[in-house]
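By written order: A, B, C and D. Residues from 1 in each chain.
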Amino acid sequence: MSSSPPPPTTSIATHTAEDVFVRGRSLCRELIGKVTFTEMTYLHITGRVPTPAETAMVDACLVTLMEHGLTPSALATRLVYSSAPEALQSAVAAGLLAVGSAFVGTVEGCAALLERILGAADVATEARLVAEEHRAAGRPVPGFGHPEHKPDDPRSIVLLKLAEAQGVASGHVAALRALAEAVDAVFGKHITINATGAIAAILGDCGLPAEILRGFAVLARCAGLVGHAHEEQHKPAIRAIWEASERAVPYDGAK
Amino acid sequence: MSSSPPPPTTSIATHTAEDVFVRGRSLCRELIGKVTFTEMTYLHITGRVPTPAETAMVDACLVTLMEHGLTPSALATRLVYSSAPEALQSAVAAGLLAVGSAFVGTVEGCAALLERILGAADVATEARLVAEEHRAAGRPVPGFGHPEHKPDDPRSIVLLKLAEAQGVASGHVAALRALAEAVDAVFGKHITINATGAIAAILGDCGLPAEILRGFAVLARCAGLVGHAHEEQHKPAIRAIWEASERAVPYDGAK
Amino acid sequence: MSSSPPPPTTSIATHTAEDVFVRGRSLCRELIGKVTFTEMTYLHITGRVPTPAETAMVDACLVTLMEHGLTPSALATRLVYSSAPEALQSAVAAGLLAVGSAFVGTVEGCAALLERILGAADVATEARLVAEEHRAAGRPVPGFGHPEHKPDDPRSIVLLKLAEAQGVASGHVAALRALAEAVDAVFGKHITINATGAIAAILGDCGLPAEILRGFAVLARCAGLVGHAHEEQHKPAIRAIWEASERAVPYDGAK
Amino acid sequence: MSSSPPPPTTSIATHTAEDVFVRGRSLCRELIGKVTFTEMTYLHITGRVPTPAETAMVDACLVTLMEHGLTPSALATRLVYSSAPEALQSAVAAGLLAVGSAFVGTVEGCAALLERILGAADVATEARLVAEEHRAAGRPVPGFGHPEHKPDDPRSIVLLKLAEAQGVASGHVAALRALAEAVDAVFGKHITINATGAIAAILGDCGLPAEILRGFAVLARCAGLVGHAHEEQHKPAIRAIWEASERAVPYDGAK
């Protein structure tokens, strides 16, 4: 720990005897009862209260990401909850640890491609280039394709329609549509925009930076995991998961 | 792993090629764009879409709990983020692990007292009994008192006023008010209802079960921790925290 | 954050340009190559290098606790590893979060009973009292009984024989044996000392305080979870666990 | 979840009424009291009991990595412990989440370079190439240099001397020495092999695969974090850390 840079500061919050201040606003006079949880989250991260249309779209994305059934994430929460019921926060934390590259990597990967396309001289040309690079490398394009939802992911259709209706769709959604056209042309078949692709574009058009998009997946999933912990309180599944897993992954006796 | 009970089921979610279903509702047709994140969270946990007034109060409680500055929870998130920036979810999880008994124990403790008072024959008598027991044991009453916010916690005042205005305040809030009166009388001085007390009563009157209240603190704090991770991306504080802590907790050389 | 107590210090470690000092000893001159990992762990926690016999017993207890197959803890590690392979530490952390009251509660519960028996005027009388209280309350005695290992848990037999051979067995083991006799007499049948009971007594006789025994379970399991993460790298089980769990816990469609 | 590969198996462990088997060996007859914790860990991961010399070196590396004072990792453990003292495992898990790329990235990075050098036709030529590439890119060579320990990291000297004395040092250590020579020549000054470089080479020569080296850092640090949780039980530092951090990172009021 040698010579240090100038000391850092925080712009997030402070508190006095009479109030708490978040991003320069009075919690008691300007925020409680005045903004929703979603608006407060947006404000916390960006320093700005979102427009009603932006709020509607962030809500829609969080609602979409919240729940997908007994995913690895939900299973981890349930296994930990019943092992340590005194610490509900541990169960939720364990589930969140599974919100990693395999799950949200495609949101971030798609967001990076959209930024690249937006920064290029010509959107259509760059989108074509992106599609060709992925095709040549034999790699799927992040934000495209779905093993189950064919020919189209119904969540993307609903989300993108909503973004148009709310007037939020702009550069990122346009880049996504250009990329979708290029993907179909280059791969020679229709490949759906999946939910992570739609969400990457929509949150980008809501003014949210790419480097924090994973945080929205974490937040949405956090709510779902609280629900799984609650169900585990009333309908414990730990033993069924445990026994089914032992049967599904038998001991092979190899040294 | 001996004889098992009948196999458990889940009521939370399932998915088909065309849709995802959460609590029996179509994600694409009934939820995305139709409910807010807060309403979806309430639905996930209770199986019921909340009334607008309930939604307003859950939003108000989540907004209140989201942020309190550089708490132990926020510090843990920042220390882990800068140590493992490839895994934002780990940083948030580390911070959530600090949402334990020292922080949210009082919400749960207060909720348990309110349930007890509500279940008694006479609210005022039971409230008095509760206050007397705590006084005799030399223990603070969970949900009451605050080292900084004196004579009254401004957040509780705002929250309880809002709950009355929204018509949500009923049994639990009445039990809290009875308890507040008893506390002042028994302790012989005014002790404020603090934010955790107000939130325990209000979420109870919103129909949320006591055993999952910690989950709402976890969710609210999750959003705040995403914000701290984001600030750590741009204004890293890890080295300042590290060096200040080393100075504040020196090595004493004891064997 | 009102008036503070005198500032805390740490006795654990400091570092200079030439060395690191742990518990007052030079890492480079007195520890690396001079003590085993187990001895270093004991030194870190107690400030004292253990005797060879104590080391042998701590090793034996850690070896016993390390691995139990595809437990909830190992399953959580594997689910998280394959979801976020970029962060092996997250996978291990998720598994450790399951080392809670349901798993190590009995080590701590047994240790508390042994302390109580040791602190009483007469060991046999207090042991009898403990057994009778549990019988009357219809509760199992922590550290006793096992659903599979009947009539005796083979691990306890080996561990306790080793503790006698090493000359480590003293007060805590004697209290455990007295309790075992009382349990058989009071419950009217033989109930085995299980591995957690033996470990609670042996670590106690090794001079390790009850409040940190959970830490030894955490450490032993940590090694096992690293091994499960490593196997998941080469023989991924996530999909088999996921699919088996979805089949074992079906959606019931209840609202 | 479409068509699946052949079902996975586990080679780690199984259990019967009479015993537990780990890597094909009887826990009760072949492991408890027969192998140390370090040997058992090595066996768990590789399927082979290490030689005494390998054990000595793994012990030495784990001892070296265990403790470095009030690091971000130790601070996270202490902050979480005092926030949720009911869940010691959470505190340790929080600290482990900080064992990420910033801390152990260099072990993995150095191990990858050593594998590359070992796989080349000529060790010296490839080492020179590696050094030149890093110099040209303006990047430090992983495993080399230390801000405090100059001109040499004393831990590396002790560890490498021990590896020679134990007869463990072979290809990886030779590659590290060749790289050290090339680094000094190419950068035109002496840059020390640091502890992470020495450990990467030594664990490699002990037969441990590069992809699990992070697991050894996690395990070593786990023991240290249990010790920090234990000190936090007796000399709580949370408030001192909290207050010092608030002073070190003041609120700037920016919106």
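Quick note on the criterion: a residue touches a chain if its C-beta (ideal position, glycine included) is under 8 Å from a C-beta of that chain, and two chains touch if they have at least 3 such contacts.
What you see is a predicted model, and the numbers here were worked out from it, not measured in a lab.
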Exercise. By CA centroid distance, what chain is farthest from chain A?
Worked result: C
Seminar exercise, completed: Quick note, more Cb pairs in contact for A-C or A-B? It is A-B
Exercise. What whole-Å value do you get for the distance between chain A and chain D if each is reduced to the mean of its CA atoms?
Worked result: 32
For this session: Starting from the mean Cα coordinates of chain A and chain C, work out the distance between those two points in Å.
Result: 37
For this session: Could you please state the distance in Å, as a whole number, between where the Cα atoms of chain A are centred and where those of chain B are centred?
Result: 23
For this session: Name the residues of chain D that each touch 2 or more other chains.
Result: 1, 7-14, 69-70, 84, 86-87, 89-90, 93-94, 97-100, 148, 237, 240, 242-243, 246, 248-249, 251
For this session: In the complex, go through chain B and note every residue touching chain A.
Result: 1, 4-5, 7-15, 17-20, 22, 27-28, 31-33, 35-38, 40-41, 44-45, 56, 58-60, 62-64, 66-70, 87-90, 92-94, 96-100, 148-150, 154-155, 157-159, 162, 209, 211-212, 214-216, 218-220, 222-224, 226-231, 233, 235-237, 239-240, 242-243, 246
Problem set entry | Residues of chain C defined as touching chain B within the complex | 1-2, 7-14, 21, 23-24, 47-48, 84, 86-87, 89-90, 93, 147-148, 248-255
Exercise. Can you name the residues of chain C that touch chain A in the complex?
Worked result: 69-73, 75-76, 79-80, 82-87, 90-91, 93-94, 97-103, 237-238, 240-249, 251
